[in-house]
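Down below are the structures I want you to see.
Below are two complexes that have chain A in common, paired first with chain B and then with chain C.
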Partner chain A sequence: MAKTIVCRCEDVCIEDLKLGFEQGLRELEELKRHTGLATGFCQGKCCIAHAARFLARLKGGDDMVADPPRTRPLLHPTPVYRLAGELEAEPEGDGEP
Partner chain B sequence: MRDRADLVIVGGGVVGLSLACQLARMGFCDVVVLEQGYLCFGASGRNGGGIRQQWTTEENILLMKESVRLFRRMAAETNYNIWFRQGGYLFLARDGKTASTLEANMKLQNRLGVPTRMVSPERARGIVPGLDTRGVEVCAYNPTDGVLFPFPALWGMAKVATQLGVEINTYTRVTDIQTRGKQIVKVVTDRGAIATSRVVNAAGAWSWQIARMLGVELPNKPYRHEILVCEPLKPFLDPMVSDLSDGTYFSQTMRGEICGGISDPEEKSSMETRSSFRFLHRMCRSMLRLLPRLADVKVMRQWAGYYDETPDGNPILGPVEQVDGFIQLNGFGGHGFMLAPAIGRQAAEWLLRKVDHPMFEKYDLGRFARGEVEREIFVIG
Partner chain C sequence: MTRARRIDRGPGCPFERGAQVEFRFEGRTVQGYEGEPLAAALLANGVQVFGRSIKYHRPRGPSCMLGHCSGCLLRVDGVPNVRSCEHACRSGIAVERQRGWPSARTDLFRTVDWVYGRRLDHHEMFTASAAINRLAMRFVRRMSGFGDPPSADPPAAARLERFEAEVVVIGAGAAGMHAALALAGEHRKVTVFEADPRPGGRLLDGACRIGRDGGAERGWAHLAGIEEQLRDCEGVELRPGTPVLAVYQGERGHEVLASNRGETCVVDAARIVVATGAHGQIPLFENDDLPGIFSLRGLDRLLLGWGVLPAQPVLVAGGAPAVDLAVELVERGVETGLLTDLEDARIAELEKRQVTVVRGQRIIRALGAKWIDRVELGPEGSQTPELVLDCGLLAAGLADAPAYELAHHAGCRVEFHSESGYRVVGDERGRSSNAHVFTAGHCAGAPDVERAIESGTRAGMACALSLGEDPDLARRLDARCAADG
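For the complex of A and B:
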């Protein structure tokens, strides 16, 4: 059977979302934690919109999209060494521009 | 939602679900679990998944041996892959005092059948390729400790409990608990009330709020703990690495990610779950010091959850003086996930079969008033 992939990083298919829905999960926060959706390298940038639309359709109400899960830092994956670098000291000013 | 139950469990975290699951397995299914958010909303969905038997008291070591036994079977029993991997735990000591604590712990652990051994910095580098052991005096290593992925473990317990007849209500907040005299009669939620005479307080960092509904003061305090996860890598890191000098810990999950956190002595008790740059910076600096080869690995995400901390680092278990049928299962600090299977089971036996587990006397709320406190010193992160 053909598979439709929603989340490429974590290999989550439409079927996985349906399965969660059938088990009573109604929020993306839940589906995210049930399937791994949006927890991979893209951090949901590629999949959340699709999943939100699909979930809204499953719910069958007036909403076109479901609420997205909370966005967490980092906005963009960043190497450990850059985050470990010495924090820049506050610039010492004398109040003059 | 049911309007009456033999037992109501407040909190759908790992502790509440583990108890529900064990009760149901013993044939006691007239149980309702109430969770204000979704499953995985509390600390149980925010932790590092570390599972270790390297503890400092006989109680905790034996409980953790039992938990490991139960975790090993969990995937098969629940049909959820919990990604449990026994790659060991490696503790690093940088001073003589910590080294001798590890040595004493090892002796106790060995006597109780946990195969911990002391390893030299050189040997440690063999276990963790690329580990920078400059300044490390000695390490303690137990190969049978491990890590798992918390989400599926929770879903699995919830599924088993539900299939056996327990009712789990998510997005249902307990707002009040009513009594007649010393007796509980009703739990009130934002979705209706449930008549019951027994309530288990498994609300993690919110437990003090639940207790206060009954006029019971718990000494528990919530503390934010932050954690991060790096991009998935080919497996290369066997054990959880933990530096006791600053409370750093990190491991490689079965999904390949590096996941870990660090203690922050400046953190004050609060109900705060925002992420901070301070944590990100301190954690990355510590990872880089321990394992320089992580330099180019990218951090994907950070988040925070609560440690529900008690004054002595041990949980609060069992009944309280003031109210009949009000049972505590909280105060699990930074190690409730690993303890939950064993605690859930013992609590179920204690509730149903009146099996005597000394824990329920030793770790009752009354100990603080009696002054019988033995501190667990091995709380990491």
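For the complex of A and C:
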């Protein structure tokens, strides 16, 4: 049987999600931590909706699916040199960063 | 299956490219056009496998053509993990594939995929002893990983700029551009960030053009009109090719971090309009990750935007946008098949022209060694194929997933809808759950371009209202919303 890939970045297939669910994982956050789903190069842009749909179907409705896992900066993979510069001018009255 | 070739892009194409140039691909000299995406140039040269996946070493290739997925990562001039769909082709660049042994094209580690046919559970592998685990980790890092470290000297740190903006609009698509126009009409100072080098978002893609009777050029002409209006606006600064990376909640509003190759900026924004659009999606079926399978928008951009046809016949699957794309491909002489559940005059017209139209079937699996060459179809829910079609290129239709991420950074409420994914919650005036953040367009669930435009205009007006009272503007906005009934 050929694989149905849900998350291409981390090679997570539908069987991984099914097994996770059988083992008692019920939330997107749990599936993410167990399988590595949505933690790859694209940061979930191609798989979060699929995984949430998978849960909605098994749990019996869209409203059974909780909020998505926290979306962490940065949204796109970014080379460090781009963030390594020094700010030219701080606006007045700025406190601690 | 015919070989890769270039097709006519038609008049008025908004994607600019320069003269033909030569560059190096793994020791070969290949041709492309200056400024076109590197991925498009390589596909036009018949390159099919761009890399290997992280665990099973399955072949990978471009699929979204919009900088959303990870299929097209290459090593360019000694820098690993460059998204080749976003990287402009230039004369003399040196391009290599990464991952795979002895090469990405022929990779012996693919055997992992075959040995573990269903799935490989790596959680408890090599955990018997710490020494074995260390050894296994070294090996796995070598064969997976993200390519080799850069061999090129790192560039100097980017110039970092900080400035204040009354309003930051994230995304210069249909909704974002109209929000900026509405705000400029109320004399507000607006900075618009757009990730793509070419502003326009969905207006650039033929399948999603306004109306459905024109052809790709109609959407492009409409876009040119909006761009001209924006250029004439005082107080609107458009920064294309500059993706927003993060939105932070600051003490005096929000801080928006955006960056392009030369410059990084932090913007203190009193208000934000999130109009980030949506990410292309591919439905789930067996071997859905095979190179040659694209999102509808991805294939639209590749074929009609950049004029590259990697293989034929093309199978287009999905609803109305799929029919749009199929019609345009047939008009351009591309061998096309259509998989849809719709019935309309245009589909009947396609059938008259000997186009294969299949109804009531779903894709069960894609077949092919390193690039798609056939698909097996069957009724919904069935795993037994009833029909096998030759297919050199597949655009698999599924509603794009709203790009909710940056609104989520700002703490806005999002909610899930099965048909597309998580979307930003906004009212009919584009107000999100955060009083300083407005939302419009596809990221907030607008189903088509026309409604994206309307939602952008409303969000722009509502945003202007939140910055200062204006009874006349309030009346105009009320009237617009009342028109919905």
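Quick note on the criterion: the second predicted complex is superposed on the first by the 83 of 97 C-alpha atoms of A that agree within 3 Å, B and C clash if a C-alpha of one lies under 4 Å from a C-alpha of the other, contacts with A are read in each partner's own complex, and residues count from 1 in each chain.
Definition applied: contacts are C-beta pairs under 8 Å (C-beta built on N, C-alpha and C of every residue); 3 or more make two chains touch, one makes a residue touch a chain.
Since this is a predicted model, take the numbers as computed values, not measurements.
Q: Here chain A is shared; do chain B and chain C fit on it together or clash?
A: clash
Q: One more residue to check, A:E30. First (chain B), second (chain C), both or neither?
A: first
Q: Between chain B (first) and chain C (second), which, if any, makes contact with A:T78: first, second, both or neither?
A: Both partners, chain B and chain C.
Q: What is the contact status of A:T39 with respect to chain B (first) and chain C (second): first, second, both, or neither?
A: In the superposed model, A:T39 contacts chain B only, not chain C.
Q: One more residue to check, A:P68. First (chain B), second (chain C), both or neither?
A: Touch status of A:P68: second partner only.
Q: Looking at chain A, which partner touches more of its residues: chain C or chain B?
A: Tallying touched residues of chain A, the top partner is C.
Q: In the overlay, one of 75-83, 111-119 or 129-137 from chain C clashes with chain B and the rest don't. Which one?
A: Between chain C and chain B, the clashing stretch is 129-137.
Q: Can you list the residues of chain A that touch chain B in one structure and chain C in the other?
A: 40-41, 43, 73-74, 77-79, 81, 83-84, 87
Q: Could you please specify the touching residues of chain A with respect to chain B in the complex?
A: For this pair, the touching residues of chain A are 23, 25, 27, 29-30, 33-34, 36, 39-41, 43, 72-74, 77-81, 83-84, 87.
Q: Can you name the residues of chain B that touch chain A in the complex?
A: Spelled out, the residues of chain B in touch with chain A are 37-41, 45, 151, 155, 159, 170, 230-232, 255, 275, 280-281, 284-285, 287-288, 294-303.
Q: Under the touch definition given earlier, write down the residues of chain A that touch chain C in their complex.
A: 1-6, 8-11, 13-16, 19, 40-43, 45-46, 48-50, 52-53, 56-57, 62, 65, 67-68, 70-71, 73-79, 81-91, 95
Q: Please give the residue numbers of chain C that touch chain A in the complex, ascending.
A: Those in contact with chain A are residues 53-56, 58, 60, 63-64, 67-71, 73, 81, 113, 117-119, 121, 146, 154-162, 164, 195, 243-246, 248, 251, 257, 259, 261, 264, 266, 268, 279-282, 284-289, 365, 401, 403-406, 408-409, 414, 416-418, 420-422.
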